[in-house]
Amino acid sequence: MKAPTVSKAKVAAQSAQTSGSARSAKLRETTRNVLAQRSAQVGLLLLMFLVLTAVFADVIAPYSPNDNLNGPGEPGRRAEPCIHLFYELPVVSAWGCPADQAETWLGTDGNSRDIFSRVVYGARISLPLGPIVVGIAILIGAIFGAIAGFAGGWSDNILMRIMDIVLSFPALILAIAIVTLIGNGLYNAVAAVVIVSIPLYARLTRSAVLSTRENDYVTASRALGESSSGILRRRVIPNSITPLIVAGSLGIATAVLEVAALSFLGLGISEPTAEWGAMIGRDFNSIFTRPLLVLAPAFALTTMVLAFNLLGDGIRDALDPRLNR
Amino acid sequence: MTQYIIRRLLLSIPTLLGIVFIVFVIARLLPGDPCLSALGERATEAICAAFNERFGLNEPLHVQFFLYLGQLARGDLGDSIRYGRPVTEILIERLPTTLELATYALIFASISGVLLGLISALRRNSRTDVTTMFVAILGVSIPIFVLALILQFVFAVALPEVTGNLFGTRIGLPPSGRLSPGLPYETIPQAFGLEDVGGLPRAILDFLSGILTFNFLITFQWRQLADAVQHLILPVIALGTISLAIVARITRSSLLEVLGLDYIRTARAKGVSDRDVLRKHAFRNAMLPVVTIIGLQLGLLLAGAVLTETVFNLTGVGRTMYDSIVGRDYIVVQAFTLIIALIYLTVNLVVDISYAFLDPRIRLK
Amino acid sequence: MTDVANSSNDQHILEVKGLKTSFYTRAGVIRAVTGLDFHVNRGEVLGLVGESGCGKSVTSLSILGLVGDPGRIEAGEVLFGGEDLLKLSNDQMRKIRGDRIAMIFQQPQSSLNPVMKVGPQIAEALIVHRGLDNKGARKRSLELMDMVGISDAKARYEAYPHEMSGGMAQRVMIAIALSCEPELLIADEPTTALDVTIQAQILDLMRVLQQETGTAIVLITHDLGVVAEMCDRAAVMYAGEIVEQTDVRTLFAEPKHPYTRGLIGAVPVPGEILDELATIPGAVPNLIELPDGCRFAPRCAARVEHGNVLAERIHPELRQVADGHVVRCWLYHHEDGSLRPDPNVWPEAEA
């Protein structure tokens, strides 16, 4: 009895390996499909632009993000852009300034810091937040979902009930409440958004696990004596991954919006770090007097969310052939 | 049908209890001493002891929870620590602002979203379609507060500036608030001579008066109505745009999917005209997922209200909630979170039931 | 072939000439139907036979003008009572659909609107074409439901499609199709999705109703058993074209085309024990890159047997081999002689 079981398990393991190489071929094909989507191309282009900005921030930005252009310790002052070239041109003289003044493309904020440099450096902080939040949320969500789907019974009940309750709050409201609970700060804001994002991924994983479990080949490999963890690793997880990738790639934009909203409300990152949401939140009343101060980080933030959304759309269209035209 | 509604109602009870429990726990775990943050420098030890006594903060947590449940059962949401007033009063004062904003935003988003989605789907792959869908993806990508600020800048700063220079009159929309400052108006009890009414009826009347457009409409205060509408336009657009974009995208993809189904082919084969195929067969089926999505928007709108109210300086639930969190007024936080979750739960219930009306297949199971 | 068309034109309720329908997809142009010729006589049942993917359903949709994006009818004529349907405006075509030509489909349950009661779905065609009011349409619909064998019609009128079995739903579809007493009924695999016993019931119903009403039927099927049971004549399709057309008795007694022979050989005959079921090796060609020669050549045993190299290079024409019997195969070109290829170009053909 024992011997054939072992040999059959070996066969199962081998077939898992061959399906592994098939999987990497499938991955290549999927990547090609994603890159064939117009929206993915545009999104990727925008994202590359932002990534390059973040990587080469110290080359692109003329000043350090926290430099007081009036000199250290001097009182700060919001200022219009100061562009040497425009000094001679009568039409745009409002933004021109003599060569002995520090040149600022977008003016300075209330602490006389260069807005352009702050927006450029802001990419370093803001860009990784979305992928980090979604990455952690998928990891935790997948674990919860797998436990619920695999164990069933009371652990399933309790976990899914909790997820339901989390989902019955508007996400941002709950995130605000959580940040208040654990204190302000970038990490706490990220943690709060992670917590409100978990239920989606947990539910997806659970339903994928449940539907995979019903599949014949899982029943078969169980009958062949494959261990639970083996089934989980080799059969269930590969099958749950597509919906998670689709949801996750679309979820990045949502996560970015939520983190930015927390920052805007002053619950996220603290001064003096340059982060787009916080920059907008700190100075939003200046929209009437110094609109660039607000519009510059607003433009950067919107571009980033747009890039993630376009990319997410492309990935969804590539992986969900139902919607193909 | 009735059976379905009853079952659906019963199912929401455990969720409701869970929400109450979580809200209670979060509020009690808020860091910082409520007494200190409420009373500030006036807080001496003796005063704080009395304060804790009054708000039941000395009892063990589980006792506090049951006290809280009892309170809720009596319709008492507690007294605000900061304002020293019953939360219900604050709620009656501020909920209408948010409700008005969110409702108009939802109406705006649903109607224009469905229309845009329909046009897009019917002219699939045309320039109109591509443009609409790009605008829609831009719409879901622009943060509410960014859009709010841009709208403020364009319609309250740039447009008056430009029209002022060009035509000598400044045309634009008010940047913030609900009414122009100093504009006199009557509440519903004042207009109908019901100022002596008290108790619950009065609370309801005050609540309805708070919904300004409704108040002005039934009391014929046309100038005030026009003013209130002008003030609503920008916040409604700012709040509703994300939802509009989502609704438009879902409507488009849903209609395209339905138009490819067998029963649409059957209807065409029967000789039904294209207009009637769309109206009688495709539309209702395509609306099923759209209804669900519209229902889900309310959560987004209530959360977005915090941001919109902040930018447009409106004292609604969202703004109050934020102020109370910062001010550690946990009674208000607790009550408002509960109310928001309750509204959300109710709307989801309504969506599920209307779904059953639309789709006969749901009613059976 | 021309003489066939001329001699009996008024007898033909439907005549399809050179119909060509293609689908313009990202992957390439799918040539679903490429130059299709067949006719249906008044009051007869024509079987349109072939494997799935050979263009049967596209043909039916083309006749009704229901080929949607990205499909296009590129050439041909669909003469219905002498009138070319392809030349009609959308609105004129709409008036014919459901009234003079009706159609039933393969999946009865998904062919009915899930959020509409079935009764009003029957009544709809009557309201559109007969101008009946709701009450009159309801009365007539109930009669129709009786006629197609739906018991307790009044109660079923108020039922939703998901509350019905597949067979019941197909009866509803038949009621819809017959509501305006059409001259032609196109039935696209009407029994394929049903249980075997239900299949027989639906076929019986169709035969009885056909005899009562005299409606001509185009019965699209892959099942030769159904053809034998139901049809007067049959047209065999392969890869978007007709390869053989004749009356049913001749078709089974003297099938000419190797493909037809293969299909008939693939039908298990009760009582006869075979070592293995005769099947046709290979698959339908890729419709995006159709071969230049005979489309059946790669799978054709007769080609191998006769060493016919010609078949792989030149596309054969539809030729008359007997009265009312046409075949598209090189095997029958030799007797005729008219299309014998130039020996200088194709010396092998002489052998």
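Residue numbering begins at 1 within each chain, and the chains themselves are lettered A, B and C in the order written.
By our rule, a contact is a pair of C-beta atoms (placed from the backbone, for glycine too) under 8 Å apart; a residue touches a chain by one contact, two chains touch by 3 or more.
All of these numbers come straight from a predicted model, not from anything done at the bench.
**Q** Compute the shortest path length in steps from subunit A to subunit C over the network of touching chains.
**A** Minimum number of steps from subunit A to subunit C: 2.
**Q** Of the chain pairs A-B and B-C, which one is connected by the greater count of C-beta contacts?
**A** A-B
**Q** Nearest whole angstrom, what separates the Cα centre of subunit A from the Cα centre of subunit C?
**A** The computed centroid separation for subunit A versus subunit C comes out at 54 Å.
**Q** I'd like the Å distance between the centres of subunit A and subunit B, where a centre is the mean of that chain's Cα atoms.
**A** Here the centre of subunit B sits 26 Å away from the centre of subunit A.
**Q** Suppose each chain is reduced to the average of its Cα coordinates; what separation in Å results between subunit B and subunit C?
**A** The separation of the two C-alpha centroids amounts to 56 Å.
**Q** Which subunit B residues reach two or more other chains?
**A** Expected reply: 124.
**Q** Please list all residues of subunit C that touch 2 or more other chains.
**A** Residues of subunit C touching two or more partner chains: there are none.
**Q** Help me check something: in the complex, which residues belonging to subunit C touch subunit B?
**A** 61, 64, 66, 68-69, 90-91, 94-99, 102-103, 105, 107, 110-116, 124-125, 128-129, 160, 162-163, 173, 176
**Q** Over in the complex, which subunit B residues touch subunit C? Could you list them?
**A** My answer: residues 124, 260-263, 265-274, 276, 280-281, 284-285, 288, 358-361, 364.
**Q** Under the stated contact criterion, what part of subunit A meets subunit B in this complex?
**A** Touching subunit B: residues 39, 161-162, 164-165, 168-173, 176-178, 180-183, 253, 257, 260-261, 264-265, 277, 280-281, 284, 287-288, 291, 294-295, 298, 301-302, 305-306, 308-310, 313, 322-323, 325 of subunit A.
**Q** Give the list of subunit B residues in touch with subunit A in this complex.
**A** Residues 14-15, 18-19, 22, 26, 29-31, 124-125, 137-138, 140-146, 149-150, 152-153, 156-157, 175, 253, 257, 299-300, 302-304, 306-307, 310-311, 321-322, 325-326, 333, 337, 340-341, 344-345, 348 of subunit B touch subunit A in their complex.
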